[in-house]
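Each of the two complexes below includes subunit A, the first together with subunit B, the second together with subunit C.
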Partner chain A sequence: MTQISCSSNDSYRSRFENLISKSSQGQPNWLKSLREQSMNRFETLGFPTERKGNEEWKYTDIKNIATSDFLVPYETTLPSSAKKRLRQQGFDKQDFHQLVFLDGFYSAELSSEALQIKGCIIGPLSQAWRSHAVSSSLGTLANSEDHAFTALNTAFTRDGAFIHIPANTKIEKPINIIFLTLEWQDKIATHPRTLVNVGKNSSAIIVETHCSTEETKYLSNAVSEIFLEDGSHLDHYRLQIHSKDAYHIGTTQVRLNQTSKFKSVSADLGGKLIRNNLNIDVAGENASCILNGLYITNGTQHVDNHVTIDHSQPYTNSREHFKGILGDKSKTAFQGSIIIRANSQKVDSHQENKNLLLSSDAEANTKPAFWIYADDVKCGHGASSGELDKDALFYLLSRGIPEKEAQSMLIKGFITEIIESVDCHTYKSHLEDLVKDKLSKMCE
Partner chain B sequence: MSLLHIDNLHASVDGKNILKGVNLSIRRGEVHAIMGPNGSGKSTLAYLLAGKPGYKATQGSVLFEGHDLLTLSPEKRARMGMFLSFQHPVEIPGVRLDQFIRAGFNSLRQHRGEPELDPLKFDRVIKKNAGMVGLHQSMTKRFVNMDFSGGEKKKSELLQMSIMEPLLSILDEPDSGLDVDALRDVANCIKQLHTFENAVLLVTHYQRILNYVVPDQVHILVDGRIVRTGNKDLAHDVEADGYDKYE
Partner chain C sequence: MTTTNKDLKAVASKEYKYGWTTDVESETPEKGLNEDIVRWISEKKNEPAFLLNWRLKAFSYWKKLVSEDKTPKWANVKFPEIDYQNLYYYSAPKSKKQLDSLDQVDPEILAAYEKLGIPLEEQKHLAGVAVDAIFDSVSITTTFKKELSKHGIIFCSFSEAVQDHPELIKKYLGSVVPYTDNFFAALNAAVFSDGSFCFIPKGIRCPLELTTYFRINAAETGQFERTLIVAEDNSYVSYLEGCSAPMRDENQLHAAVVELVAMENAEIKYSTIQNWYPGDEKGKGGIYNFVTKRGICRGNNSKISWTQVETGSAITWKYPSVMLIGDDSVGEFYSVALTKGYQQADTGTKMIHLGRNTRSKIISKGISAGHGQNTYRGLVRVMPKAYKARNFTQCDSLLIGDKCGAHTAPYVEVRNNTAQLEHEAYTSKVDEEAMFYCNQRGISNEDAQSLIINGFCKEVFQKLPFEFAVEANRLIELNLEGTVG
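Let's look at the complex of A and B:
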């Protein structure tokens, strides 16, 4: 085991040196040294393949990621397949600010014109390395110190979305970020990075899609850092519809200042092995977050949602609601940690994870964990996993509804409340279609 | 010919014998009431007729319009014109009441060789019928029975009945848990839906609903057997005297 990760680290080091020599021209010194530090840190940490006593990775074995040799592309092309895929995943550019990244590289041709008015920036990070807003915040929230994948992303990232919204600004059009992986002969790795800052009393909606053109094997290791200033609102809708052979590690790190509101609705439909880390620092009084998620798995898919909410201030609240539908031999995990610090009185927090098992070979794991150091708080949780409700099924049948249709109504109904929590009509109906598609494939 | 003919029906649930020889015959145009103490097997009979899994007939037969009912799937029974109003309707998260009714309604139409009703036309039908059963139309946009009051659940069952237009409606305690006004609304609604063409089998605990929906026959079910059959006066007698003397 040690040998494997060692040789793999060596190849990461040589890829890193290559990357630096080829692409760091024009990049500011702070970025070069941040990359270097992160690479060093990654080498020290290694991949978290050791799972004994490692609660963080209890349910997810990333050995196949650690032992695979993923190429790092230096550039990419724009094949027609990308345009075709985008017609499926992109929305009307009239209604959205669209940012498209191919294999982690910004595609100006496929994106809306970068917006830069009144201090508002919606564009690629690569055009903003020299901006103070980037240098002062990139890497300050996402933790490379303890997390190998975040360190790896920081060392290798080429580009990603940069969204900077000044104070008192409402971004009317939703922002649609698409990370698209193209077809390659070899397995590749992409490390997209997103940085979002929503200014005081400002608001926005972000849709973030991770997808590919073909059913190829690759690693997508994405990191997003999101800052919400006082009184701001952000809805973040994350859609993961990777290839059925893809590995995806997605880390979203959020900090909420006073009275800010964050809503996240994640949907995991694709991929072979998926690990999402969603970490929320509820770091201002009266801040609140709603974290919803759905996952629909079949075959041997593996989806692990790891959510940590740190309530470091009083009068904050959080709602977590994750629901999964599992078929075949798929396996899922929901690990939800809630920390309520000593001075954080009147925190109100609730966590819920429910799973619907369509196959006796599927496995849903739920592991809540609470660290509560304040006494005047509300903190509830619930978890369940089971088959379709037989009484509900009989109710539908007794009205003449054919059995297949009745089952699919109940299965779809199981996650409807998660879909309904999306507040952007276009994205909601898009998500509904994708869910319907996947479920109909599973219930064939 | 009877619409429903039950002959010496014995039935068990989870291996426990509940029905011990039920005989009952209902013709179109009739209303029959079944009364009986708690646990006597009224709901078991209703579920068995509707085809609930786990409810097994061990002896006897049931004919619906001359067909052997017991071999048919629940959805087939519904398409032939059988309807059960549940004593405790289940809550179904994520499925809207109007979509649920439309799915059932369209499968009945399909069975009769009629085209599906388009959503707009169906919307008009459900709106009109919701008004008739006294259910606010906005309730039909909610998830099936989720956060409905007891009365709203019963009305929702009647709304379904009014749209499905069944030949035989088995109403399992449509009056339980209702206040006086709601009881009157529900009873009047049942009366309105009953015609010479269809039949009602009404399971109840209380005589009161039978003042509105006047039964042709009243059956007393005790310990899985019909121990007495009579006219509407029998309902008054049991309400006054209780079931003890039949046990």
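Let's look at the complex of A and C:
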């Protein structure tokens, strides 16, 4: 992989040194050395900007991220815009257990009070650096060795959510982690980090929201590590509604132990250039996952979803379903890889990617791949791309429905199954509103 | 059905049955590759200057790729690095003068083809098939030439075409696969020795099936042939190639290039039965089959159809593709790829839609047994001007045994919203219920499996010319013998 110009690398190094000298007081030694290692690794790897033979980044050119100079933000006093934005979002502390981060810094004022369940921690990572649960697991799942953006996040992260649920506990209220980027004069970069551990036979619902107060230009490079112990159950809803000039790299690493169940529904509505990496380690027998996603793009938006499911154990199954609606000159990519290792017999796996193209300038790329090394498995995949079904449209028109309305009915019908897979009522209706909003803008 | 199966199995053992060698004196230059060898080959073939220049340009491009370490590494196959200096780049059976008739062909070579079941004597041959027989680096003979020339059809070896029709060669050579296309295409362009050339003039429907049979005989030799087929307006041709090689302990390189050009309303049907030596049961030896095949639908309403049955080679690495330039043109790809033992295959197709209303269909069936690794890799790309383009892709895999692998890596790239694309794939083992159903009706395990596999491949076999469909079926059966349970 080629390196970007040295000056840029140097600027990351000098910002890193600066950050360490200012903010590492009170941080444990393991964290300092983990940061140092990750920074070194990032310098070796450089940004994956190579355009030839770079399969991982085939459809996404991050030259603009690599050559931009992003400043490190400092903690500011709570601006009124943040409160306003949260209100606008309709997120209420009543409905959710809320954790709010402004530019990557924890805001106690906007967050809910600590939960009074024994052994349960839902709070900022920065208050838990010294806990064994953090030191023993942070960075063990997210791979800084091969991924420059993960290395960068590990080196620069200031804070993030830490969710630790003890065994046999059911968290009733959905947890809402909100990463909000504020308005800055210059371009900034934030590196929020999330660590989730769901104990044996426990269950929870987590909503992860990435948004901003203004339509500014910035980089948000988020990494989440999620551990599911035996028999646990987690629903993870990820909502990305960044500013229309924002770059976002979102990496989610999940490990599933025996009989655990993981469901993820991601929605990408905002941002200028978005790359999501969702990597699932199905590492216990009878574990299963459902990964759904939707992306709605217009203007010159670019959304790239990279999903890898690694079945290393027998009797596991996975379902993957991503749907996209593309307008204007937007461009999307879906790269799914399902790996079934030798001896992982009886795996049942299916992946699907469907794209609806509303404009002749839009571009949809799909690569649903399978790498199978076991014989007694059932695997299938499907992909399709096209415009609105002319026959269906005609049928609606013939029944007196105006064209615009008929179109919007069909478009809505196309993504309903993804939205319907959300099990949390409050979040679902919130997502429905956002989708409706975006679609009405596109169909104007 | 059952009895014929048994008969077949009695006749042929499980081993590779084309593995013998023919003892003929051959003429080869020194081992290794340099500019002198390229010049030597060109001189040997008495080539015009344009061709020598083209070869030299290709060679310097290839050298550049080697010096920049640009050997392709992206395919899902593993093999030790090839020492390009430790190969013979040309091998021809020694003959004293230009051959006028079949009587003058070395009887050893004739016997070799007889043994392969490819009779070169016209009177004995199945009606309706013309054969170009290629032995190591050169074409031995082409049958039915006179008959074909009555229709204005040119079907001859590449070297003859260079002498007799240099203007056609100059016009079309490299027009579909330029030497800059990829590493092996560059190598082939520099050192290609022979191959087949076929030209169907306007409005002619070729009355015979055309066939090229490739045979590698000499040791430590690379075979680099080039096939060029041009179908002018309103013409039709069906072409088939077959291949085999002796059993040798070392790996041999086969890097061919095939170029097809279809003009307005023309149709080219290209079928391959590839049965190069796959190596022994421990994975030693075998052919590296690194081939670039591409067709171009230049005219409106033209059609190119690839059908391939890939059972041989230690490593198969090829992606027969179609560039759909003309409006309403059609590209098709039907493939059965079988890997057993330690065979590896990374194969598939590319359909590039450029014209309006272009359509493509891809049916790929992969069978993996033993330690075989089988990868389907395909690309369907719809460019912005390809209004109403249509693609259907289906790639299924069948797994036999728990040591093998089946992989699928399709790329779908759509830049026009009026295009409709569908892709489906399924991977499973031989259905137990279907086996049970057959057993219940008194069909043995082995026959039941053969029936099921037959059904699995049927869609592709149906696309082969009749005689070869039977052969393909037999090949798969023989190759899978002994893999049950």
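As a convention for this text, the second predicted complex is superposed on the first by the 437 of 444 C-alpha atoms of A that agree within 3 Å, B and C clash if a C-alpha of one lies under 4 Å from a C-alpha of the other, contacts with A are read in each partner's own complex, and residues count from 1 in each chain.
The rule is short, and it goes like this: a contact is a pair of C-beta atoms (placed from the backbone, for glycine too) under 8 Å apart; a residue touches a chain by one contact, two chains touch by 3 or more.
Remember, predicted model here, so these are calculated numbers, not experimental data.
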item: Which of subunit B and subunit C A:L141 touches, first, second, both or neither; value: neither
item: Touching partner for A:I290 - first (subunit B), second (subunit C), both, neither; value: neither
item: Touched partner set for A:L396, first subunit B, second subunit C, both or neither; value: first
item: Subunit B versus subunit C as contact partner of A:G380, first or second or both or neither; value: second
item: Touched partner set for A:L19, first subunit B, second subunit C, both or neither; value: neither
item: Partner chain(s) touched by A:E417 [first = subunit B, second = subunit C, both, neither]; value: first
item: First, second, both or neither for A:C120, with subunit B first and subunit C second; value: neither
item: Between subunit B and subunit C, more extensive residue contact with subunit A; value: C
item: Subunit B versus subunit C as contact partner of A:I372, first or second or both or neither; value: second
item: Residues of subunit C that touch subunit A when the two form their complex; value: 74, 76, 384, 397, 399-429
item: Residues of subunit A defined as touching subunit B within the complex; value: 389-392, 394-403, 405-406, 409-410, 412-417
item: Touching residues on subunit B, where the partner in the complex is subunit A; value: 50-53, 73-75, 77-79, 83-84, 86, 89-90, 92-95, 99-101, 103-104, 107-108, 111, 143-144, 160, 164
item: Touch list for subunit A against partner subunit C, complex; value: 53, 55, 326, 342-343, 345, 355, 357-387
